Structures are given as C-alpha cells and as structure tokens.
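Paired with subunit B in one complex and with subunit C in the other, subunit A is shared by the two complexes that follow.
On to the complex of A and B.
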C-alpha cells in the first residue's frame, strides 16, 4: 500500500479573474446581440447551450464509464469530472433565452406553415412547443438527479467513507447509461436536428455524442494537466496517466470521423431529395469551405498530431490538441446550427464570439467556486493509491 | 564446454517488485543488451527498462500509406479512365464511395505488413532457434518466476563480473547460457527431399481441392440452388413489366447521355440536315474515336464495313447498306439525326452517345463510304 502524498491547495484566484472577464465580455456581446439582431443571437445561443451540455453531460458520462469499466488510471481525475459536471446546472439557464425565442428558431413552431405542409403536419404530435418543453424539462431534471447520484454523493466520501459506496454507484452508473443515451439523443434531435424539421438522420444522436465525448474528455484533460503542472494533484501523476487521455482522445477523434462519414455516405449514396438537402445547404457558397474545413479541423489535424506514440503522453502536445478539440466542437456546432440562419453563405462576426466566451467563462467560474474547500483528489476512494500508482 | 560460445547469464527473481528494482539497477549499471522474461506483462516495465519507441510504428505507417494510395489510385484509374461506368448516377470518380475501400486496404496492408515486418526483420524468421529455449530458466519464467538475462553482446559483459553483479542484486539460480552448436551450424537446405515432397503434396492437395470446389461442388445441391432464382434474365422475353415483353427496361423518352443537351430538331430531319454542321475535323484521333464507337454501337447490325452483313443478320430486319446512293447524298446532319432519333427498327442512341461521339461516328461513316466509292482524285 502506497501512502497518498496529497495536501489540499486552494485554487488560484487567477482562474476566477479570467472566468469573470470572459463571462462579462460574453454577456455584454450577448446582450447587444439580442438587442440588435435577436435572431442571430438566438441561433448562437443554441451553440452555447449544446456546448455546455456536451461538457456537463459528457463529464457525467465519463464518471459513469469509469465506475462501469472499473478503470484504475482515471480515479485521480474523477474529482475533476465530478466538479466539472456541476455545469449541468447552467444548461437550463442558457435554454431560457432560447425558449423565449422558439418562434424565431424553429420553423415547426409556425402553426399556419405546418398546417400547409403534410410532412410537418404528420410530425406535429412530436414537434410541438408543449411536448418540446416537456422533453427538455424532463432531460434537465434527469441530469440534476444523476448529477447528485453520480457526482454529488462522492464529495462526502473524503471525510466519512461509507460501506458499499462503489458497489451502489456502479449500479447507478449501469442505470445511467441507457438514460444518458436517451437524454442525449432527444436533446440532439430537439435542439439541433429539428432546426431543419424536414430532415432526419437516425445516426444524428450518435454524431452529437461523438463530439460530446471528445470535448468532455478534452476539457477534463486540460484541467488535469494544468492542475497537475501547478501541483494541485499531489505527486505521482505523470506520462502514463496522460497516455490514456491521449489514447482516448485519439480513439474518439476516429470515432467522430467514422460516425460523421457514415451519416454522409448513406445520404450521399441513397441520394434521396428529402435527406440530401441538409448537406446541400452546407455546400452552398462559402459553406463549402466550412464543410471541407470540418474534415481537416475535426479529424485530420487531431489524427496527425495524436498518431505518434510519444504525442499521447507529452503534456505539451496534449494541451494543444485538447484546446484544438474544444475549438473543433465549437466549429462543429457552428456548422450544424448556423446554415439554418444563413442559407447562402457562412457568416462570422463579433456575435459568434459570445457562445465561446460565455461557455468558457461559465465553466471556469463554476469550477472555481465549486472546487473551493474541496479536495481535488477523491481521497476517500480506496482505489486511489492504485490509480496514482498506475503504470502502462 | 570450452568450444561453446556464451550467449548470456540469467538470474531469477520471485516477485514483480523485485524484478522491477533489479531492472532499474541493471540499467543504472550501464548494461544495454539485456532482456526480461515474465509470465505476464508487468506494468511499468518499459519505463524501468527505459525502452525507446518500437520501430514497428514506422512500418505500420509506410504500409498503411502504401495501401491507402494504392487502393485510391487503382480505383481512380479503373473507374475514371480504364473502364468508366455510370453507377447509380454518381460521377465517374466518386470519392466518397472510394473511402471505405481505401480504409479497408489501408488497415489490411498496415496490419499484415507490420506482422510480417515483425516476423522477418525483428524476429529473424525463418530462424526459429534461440539459446534460451529448453533451458531451466525458460521453464521457470514461463510459469511463476521473473527472470533477467544479460547478453554477452553487451560491451560491459564479462562472465564472472556479471555473475557477481546478479548475486549482489539478489538474483537466484544464476545460469550461464551457451549457444547450441548444432543450431549455430544449421544450414537450411531447401532441396531436401522431404521438403520438396511436402511442397509437391501440398500443391496437389490445394489445386485438387480448388478444382473440386469450383467445378464440382458449386454445381451440386445445395450450392446450385442460387442459379434457380425467381429472376428475369436479360434479353429474354418476359411479361413481368407489362405488355411490351421486354425483360430489360428502356430509358424513358428524351433520355440523353451525360453532358448532352436535349436534341433541338426532334422530328425534323430536313431542318437538322440544313442546320447541323459537323464540328469535328477528320484527324486520325477523331476517326479512331468514331471507329471505336461505331464498332461498339453500330456494327452489330450494320456490320464492320456498313454493308449490313452483321452477326445479327437474320434475327432482325436487315438494315440497308450505308453505301447506298441515298445515304451517300445525305448531309452530315441527317446521319446525326438518325443516330439521335432512330429510324424504322433502329432505336435512338441518344442515351448512350454524346454529341461529340455521334459526330465522330458520322466522320467514320463518311470514311467508310469513301473507301467503298473512292473518287478519281483519291487514286492519285
């Protein structure tokens, strides 16, 4: 048994300052945006909502995954995921301005148009404002419940470990997995796919999940490396732990490409007009450049950077690629959402900055406040020494 | 004993922790050529041994890239240039359709190539002898002990010093391993009769089995059930689609070949003759192109020389000769019109031929006519 060498260290207030700065700047831009062009601001609000959901829900998924597969190496980082998962509580806040603008965002809320359109009329039992709100509310409530069950319960273990904690949490994780899949799919279909209510793709939930996993993992990687480099995680965490982050990021870069290409290939091959128009919108004018860009940004660059074995355990390259994947997820959401707002070509202005600023600011501030007076390692977990002592 | 060549010195340890600390001491004493044998992989071992990255990754990269480029180039050449075919309305070089195949070939070549490189370059196949085989040391480390072997190739190696060193770091059962002289002097003789007989027998068995499977078994039940499907064969009479008795579907009226516009002079041969001028000049290239297309599309009925003496003679109403006074006096536009619209039993060829190809055929037909009815000045 190796003793854990960990002294709690309060987070530097620099984190808070950067977070407040980002959030304040983003908030001003968002406010201006809603005043000047509320339609464009609302579409950017979807990017913000889905990014924060990716990080929050993705962190919960990573916690559940760790319990289910019984991973050792990630135990020292579980507390980071547990703290990060707190951003699920920001999701309803970011959805409020969107609920106020449902009519500008979603074509299917225009009842007179829907009644004229036989396809949309048949989709009405699902796509109506009442059921939409119920689905989102239910998803938010489920996220809160599972935040408590998977993350919230864990903090008390540091001082008073309870018997059977792991056994019970493994069962909760098993219950969480199908619920996670359903919640994530419904959210992806409701907030992203129904922007084009005529379009459908059965793989769309998985497509959003692929982005969710890689961005949640990238954010956890960033926190883990920065905290460890500044001595917040005690001693003993080094290249072999990082290697797992690198390998998983590499795997899910490939997974994203596989899913994205599967969706494209089937639609391209079948060539049915009710499916192809979604891609054709993304091939109009300057959107073609953005569409080609997503292959390079979300697949080729991370693939090439993470391919050599040393890259996966080198913190410098990992930090770079984790930031890159955060950017790639914003890019992906931009590519999914904005073509509905601007058909003829890509638009990018100061207003597109606010989802990035608010999302990053919120994550930093929530992390800072919630990590206060808490250990950054789950020191009550009997598996922690094994986790810290992990070697390839 | 004296004439044997020394391979190395081995020592045994009891626990994984002991072997890790032993490896660290061996490494810090400056030994480079040593190896560790354990019954199962021990976490942290590569780091303790300070192993670099394996060169195998580069083999995988090279083989993988070779596979990717080869597959992509082959498909591009075949589908785009060698035998262009329209498949479900896609371009001749449909890149998205190539990606799955490219991916498969990349993975195939990378994995097979890496394994073969490992076997032949790193494990020195077909050499299958190793001095550590059949030693007590190997028996122990493949059941429940952890062993280390310092090789004689190491620059710092000297038999007595290494034995002392291993004793000092706590190794048990220290053994000195020698090369087996028989194995060292062994030469592979590929003309040995046993080997040749084995090759002959396996060649006979494989080719015999292939012959039986492909020529007999595939035509025996149940494998031949597939031939008796409820399907319509091409060019056989069938009522499946309706009254016209064709088993193959004809293109809808007005279908044109790729990159071709709708024909403007439909039903107006005289106007076509007056307005249309052949844009091609009779160069060798154009005439060859016309000949190729004529031989494919026209010769089955009209014959290779346009006399109407073709291989389908008798099965359809025979077409009139292309050398008649009438056709020789037609303008180019009229021949173009007949190819495009059809005439009597002749169907339209506008879905198969582009305008340029039709004009090339017109050029070639003119050349055929000229060959049969040469003018005076052609003889000069």
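On to the complex of A and C.
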C-alpha cells in the first residue's frame, strides 16, 4: 500500500494579485494602443491570441498524450494541465478585437486588391472572411468540446471515481490527436501564415506545433515546480519527476530547431522568389538582428542550459529555462507577426508589452479561480500512487 | 489502492530463469542448421544471385539496360536506395530513442532491429554505387587531397548523404557491437568448441561481467544512444534534401524532412514486425518477443502512418494554396494522371490500411498485422516511386515528357536487394544471438528491485 500524503491547501491570493496587476496593466496598454494606433495594437493582438492558444491547446495535447502513451510520471501533474487548459475559453475573447480589425491585419480581405492579383484570386475560396470566421469558430468550438472531454470530466473523479474512466478517456485522446493536428495547422495557417498571403510552406503547421509543445510544457513545468516547492502537491515529487520535464523540454528545443532549420534551409537553397520573400522581409534593416536572435534565444541558450544531465532535474535551472522558453515563444510569435506590420525594421515599444502582460495575467487569474476549490492532484486516479512513486 | 494492482505486466512472459534465457536465445546458434533454414537460405541466395547477374550485366553493357529515359534519370536505383535506408531507421529508433524513453519492451527486439539497420544500410549503399555508373571511382565521393585536384561538391545534398549514411552506419555498427560484447562473453563461456571459443574470446574483448565493466558499458551505451538519436533524424532528413532542395515541383516542399523521417520509421517498423513474427515462431521466442511488443509496434506504425497521411494532405493543400500552377499540376497529375495507379497504391497502403490498427483486435491478430505490415512496405516503396518518377516524367518541358517503364533488369536488381538483405539476416541469425541476452535478463521480474519510500520494494 502506498498512501498519498496530500492535503488540499488554499492557493495563495498572491497569485491572484499578481495576475490582476498584470492583466490590468496589459488591458490599459491595449486600450491605449487601440486608441492611438489600432493597426499596431491589432498585430500585437495576434501574438496574444496565438500565445494563449499555444498554452491552452498545448495543455490539452499534453493530457491526451499522457493518456495515449500511458505515462506514469506525469499523472501527478495532469491536474495542473487540466486546470491550465481552461485558458482555451479565453481564446475567443482575444480573437474578438482581431475579427473587428480583419481589414487592418489581412491583406487578403481587401477584395479590390485581391481581384487584381491572380494568385490571391485563386485563393479566394479559402481566404475569405466568411470561411475564415467559420474555421476559427469551428476550431474554438472543438477546443471547448475537447476541453470538456479530456479535462473537464476528470474533476469529478476526485470524489466519485467512475469505472472505465481511463479506458474511455484513452479513446477520446486517440480521437483528439488527428483533430488537434488539423485544428492547430489551420489556426497556424490562418492567423500566422496568411498574414503574408502569397507565402506558403507545408511545414508551417509543424513549426507552430513545435513552439506550442515547448511553451505548454514550459508553463506546466513552472506551475509544477512553484506549486511543489510551496507544498501544494503533497509529498514525494522530486528530482526524477523534474528530470522528465527537463528531458522533454530539451527534446522539443531540438525538435523546434530541426523544423525551423528544415524550413529555412529548403527555402534558402531552392531560392524561389515566391518563397524567399518571407525570409527576406525578416532580413530588412534591424529585422536581421531579430532573425539571428531567434536562433540564439529559441535554440542555443536552451540547448546549452539543458544539455548537462544534472540540469534536467535541477528545479532552479528548470525554472529559469522554462521562463526562458515562455519568452522564446513570445519572441518567435513577434518574429512571425510583426514584420508584416513594420517592413523596414523591428519596432519595439510599450505597446508590444501588452500581449505578454495580458497572456500571463489571464493564465494566472484563470488558474487561480479555477483551481480554487479543487485538488491539485488527480486524487481519484488509481494511477496516482504509481505516478508519485515514479523513479528513473 | 495497492500498487501491486497497477504493476505493469513484465515484458517477458512465463518467468524464465537466467539459465533458461541463455539456453533459449543461444539455441539457434548452438544447433546445426536444419533443412528449413537451408531452403530459406537457398531462396534468398538465389535472389541475391539474380541481383548480382543483373548488376554484372549493367556494368558490362551499361545503364541502357535500365528503364531510365530522358526526363526520368533517377528511377529504381534511387527508389531502392531511399527504401532501404528507410527500412534501417526502425533499428536505431528502437535501440536509441526508445532506450532514452526507458521503454522496457524494446529489449526483446532491439538487437534484431539493430542488425536489420546495418544490413538495410549496406543494401541501400549499393544503389548509389551502381547508379554512379563507374563504381570503381566511388572513392572520390570522400573529400581528400589528391593528385588530380578533384574535390567534391560540398553544396550538394548528395554528398551530405555520403557523410550522413556513412556516419549512421558507423555509429549503428558500434552501437550494435557494444551491445553484443556481454553476449559474446556469455557465448564464450558456454561453448565447448575450441574454434568458437577463440572467436568469441576475441569478440568479447575480455569481458568478465565485472561491476566496473557494466558501469562503463552502461555509460557508453547511454552516450551512444544520445549520439544515435539525432543521427536517426538526420539521415532521412538529408535523404529528403536530395529532393527538396531542388526546384522540381513535387520535390520542393518544406515538410519533406519530418515527413521522410516519419515514413522511414513507419516502413522500418513494418519490416521489423514482419521478420520478427517469423523469427519468434521458428525459434520459440514467443515469450520474449511477446504479443504485447508486437501490439506496441503496430501502434507506432499507426502513429507514423497517420503522420505520413498528414504530410500527403498538407502537400495537396499547399499545392493548391500556393497558387503555383506547376505544383498544382504535379499533384493532380499524381492522383489522376498516368501514374494514378501507383499513387492510389501508395495512399491505400500507407494511410488507409494502417488505420485498421485503431482496433485492438486487429493490433493483436498476427496474420492480419503481418499482411498490413507487408502492405505498408509495398506502399512505402511506391511512395518513393510516386515522388521520384511522377515528378521527373512530367517536368517543366512538356515536349520531353515520357512514361517510365522499368525493365526486367531493374526488377532483377530490386529482387537482388531483397536477396542480399535476407541472406545477411539469415547468416546473422545463425551466427549471433538475435536477442540481447544481457538486456533481457535485466528486464525480468525481480531483476531491478526498486525501493519505495515505505521500505518495501515492488520487485518480486
């Protein structure tokens, strides 16, 4: 018999205070931004939307993955993922200002220009406001449904475990995976790739997925370590559990680099003007610095920090690198989105802060309110003792 | 809730003792080959001979014996090269990546899959050598200062292939050999024949099963697994670059690297599964290579097959989305043009049939899974056919479009490649332990007691 030493502890209201502060500050900046320069504010809104989507949809993916592969070590952290996944409900809210500004953001919404451009005219059956809205709405609805199926159903298990819960959820997870791939791909194509509607890359969905996975895992890592350090996760979670976070973050740092490099090398080598212009835009003026920076920030630093074996289970270094990867994903999205707004060179001002502030604030507040009356361990899960007892 | 309830079933069934493991695994090596083995060897070496004759004829009369024509300069040789390199991927994935993921079920199949990797890469390496036309000059593929001042073209992915494949072969070989050392020592200690004893003593490098030996062994094994992991990805990535760096429609697409890697793992697992089903039956390894292991392999095939399906879909979508008329033409031509038959063989074998693995009953049904895995390999061969031939046959200049028809010599060389691969496999089965004796012992119940916090241990 393994006893689970877990007593539910009230979450510190500090979490809420920080969240409210961040959100309020971000909200003010966003509001000012939309008043002063709505174009720039809207482009930053895409960064916000895609970041929150990465965390929410990515958490759902992590839950599904755990069920599908039957992982033990992550069972104690599944509740954190389930609570984090609640941010999928914030996605439509953040998309509203963007839908109001579609004309500002997307060149393909200007019908008169599209009619003059044979390539864009060709894309009209896909790139039109109607179908675009339908796709996004369908994606949001699917996220809600799968939030309920993968995460929402799990909370009741704490008090009244049902038979076959795991078996059914494994099946749902299997169903989720292809849907996840399609939803994520089309969201990446629609909100990021179609910003430059002439450009295309078959790997783009995978590229966004690589970022999604590492940032969702980084956020889960941060919550797991902070909560555990403050005694919210009971006893028994230690270095061996952390090691898996470190190893997976390391693996997906490499995966991201592999995908990013593949996309770049193939386009650079073939040198076809219909593809290269996308990278050339990111090489104009000071954008070149940002483009080189992404290699260092998204690959070299996390690679170097996570490479040594002890780093993968050291909570201090893990916290640092998880924060770093959160930053790296913002940086990546900035690099994907803002060159369409500012062609001649990188711009960075107070307005670029709002996606970061609102995203982090939202995540903290939603986490706080949603976790408030809940156990932070899935105590109804019969696999939990095994998960806590995990050793390498 | 008691933890015992949740204990995973052992990956080895029937709780054999260590001695039984030794005996069962070394049984094929101890006994003289029986008539069935000799018949099998006869068949494979005949296939190999057919291949050798066809290659000899090619060298004597020239590449005109092949079906290659003017636009289709790359055909069976490169298809076979990519196909066989792909087959090799399962071995390293099982031995390195699954090792890093601490998947115990890999132990029963790792050695065999590694062996297959080596033979598959050897078979694959044959094709570029034939394809260059003057194989005796192939040494110039390696960059070295020479009197002719001949240098390789460093910017060509074909050269990167030389580096990638030879590095891959070297590391896989070393990895395989390191794993074999303790087993050679076991065989050395068991054998009664003097000649065998000398051979095994040399091969086992003085292994004495000491604590320090194991310590070094495990360290080097982990390091090699770390090295081999990026190599698995890099080899097929670079093979995909052979096509994707060009501007040929249907070849130049950015998803090629991960798509090729997924496809390679897919076909490699299909081949490993096929051969293992036969091996476990013939040598009574059913308790070591269990049905659970086969089911897990089928799951990986389902996952990678679906990834390949995603890539097909994405290619089609972007071909239309790009607005490039060449891209759209190539893809419509693939699906509905003169090679539509090949395209639909590819789609049905690679994407449709593996979907049957969603059902647990099918994943655990040996005859059905065998057939599906055969179809997967057919499909993966056709995938390369579709990519290479359809794009070349209808390239940018419609006046030179031509339909590619392979000749008997082409097929003869293909048959020969299977002959070479299976001959090497059969020889391997009789010469070395096809399952890692040491590793299987380590995953037996009770071999690795884990102490828990309340003082008990969940070993046996």
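Here is the rule we go by: the second predicted complex is superposed on the first by the 392 of 392 C-alpha atoms of A that agree within 3 Å, B and C clash if a C-alpha of one lies under 4 Å from a C-alpha of the other, contacts with A are read in each partner's own complex, and residues count from 1 in each chain.
The rule is simple: a residue touches a chain if its C-beta (ideal position, glycine included) is under 8 Å from a C-beta of that chain, and two chains touch if they have at least 3 such contacts.
All values derive from a computational prediction rather than experimental measurement.
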{"item": "Clash or fit (per the criteria above) of subunit B with subunit C on subunit A", "value": "clash"}
{"item": "First, second, both or neither for A:240, with subunit B first and subunit C second", "value": "first"}
{"item": "First (subunit B), second (subunit C), both or neither touched by A:276", "value": "neither"}
{"item": "Subunit B versus subunit C as contact partner of A:392, first or second or both or neither", "value": "both"}
{"item": "Touched partner set for A:263, first subunit B, second subunit C, both or neither", "value": "second"}
{"item": "Touching partner for A:310 - first (subunit B), second (subunit C), both, neither", "value": "first"}
{"item": "Partner with the higher number of touched subunit A residues, subunit C or subunit B", "value": "C"}
{"item": "Which of subunit B and subunit C A:205 touches, first, second, both or neither", "value": "second"}
{"item": "Overlapping segment of subunit B (options 58-66, 148-156, 166-174 or 220-228) - the one that collides with subunit C in the superposed model", "value": "220-228"}
{"item": "Residues of subunit A that lie at the interface with subunit B and also at the interface with subunit C", "value": "265, 269, 271, 391-392"}
{"item": "Of all residues in subunit B, those that touch subunit A in their complex", "value": "43-44, 46-47, 53, 57, 61, 88-89, 96-97, 99-100"}
{"item": "Complex interface listing, subunit A residues touching subunit C", "value": "1-3, 118-120, 122-123, 126, 174, 177-178, 181, 185, 189, 198, 200-206, 236, 247, 254, 258-259, 262-263, 265-267, 269-272, 274, 382-383, 385-386, 389, 391-392"}
{"item": "Touching residues (chain side subunit A, partner subunit B) in the complex", "value": "240, 261, 264-265, 268-269, 271, 307-310, 390-392"}
{"item": "Subunit A partner contacts - residues on subunit C that touch it in the complex", "value": "1-3, 5-6, 100, 102, 230, 233, 237, 241, 244-247, 252-258, 306, 310-311, 314-315, 318, 321-324, 358, 450, 452-454"}
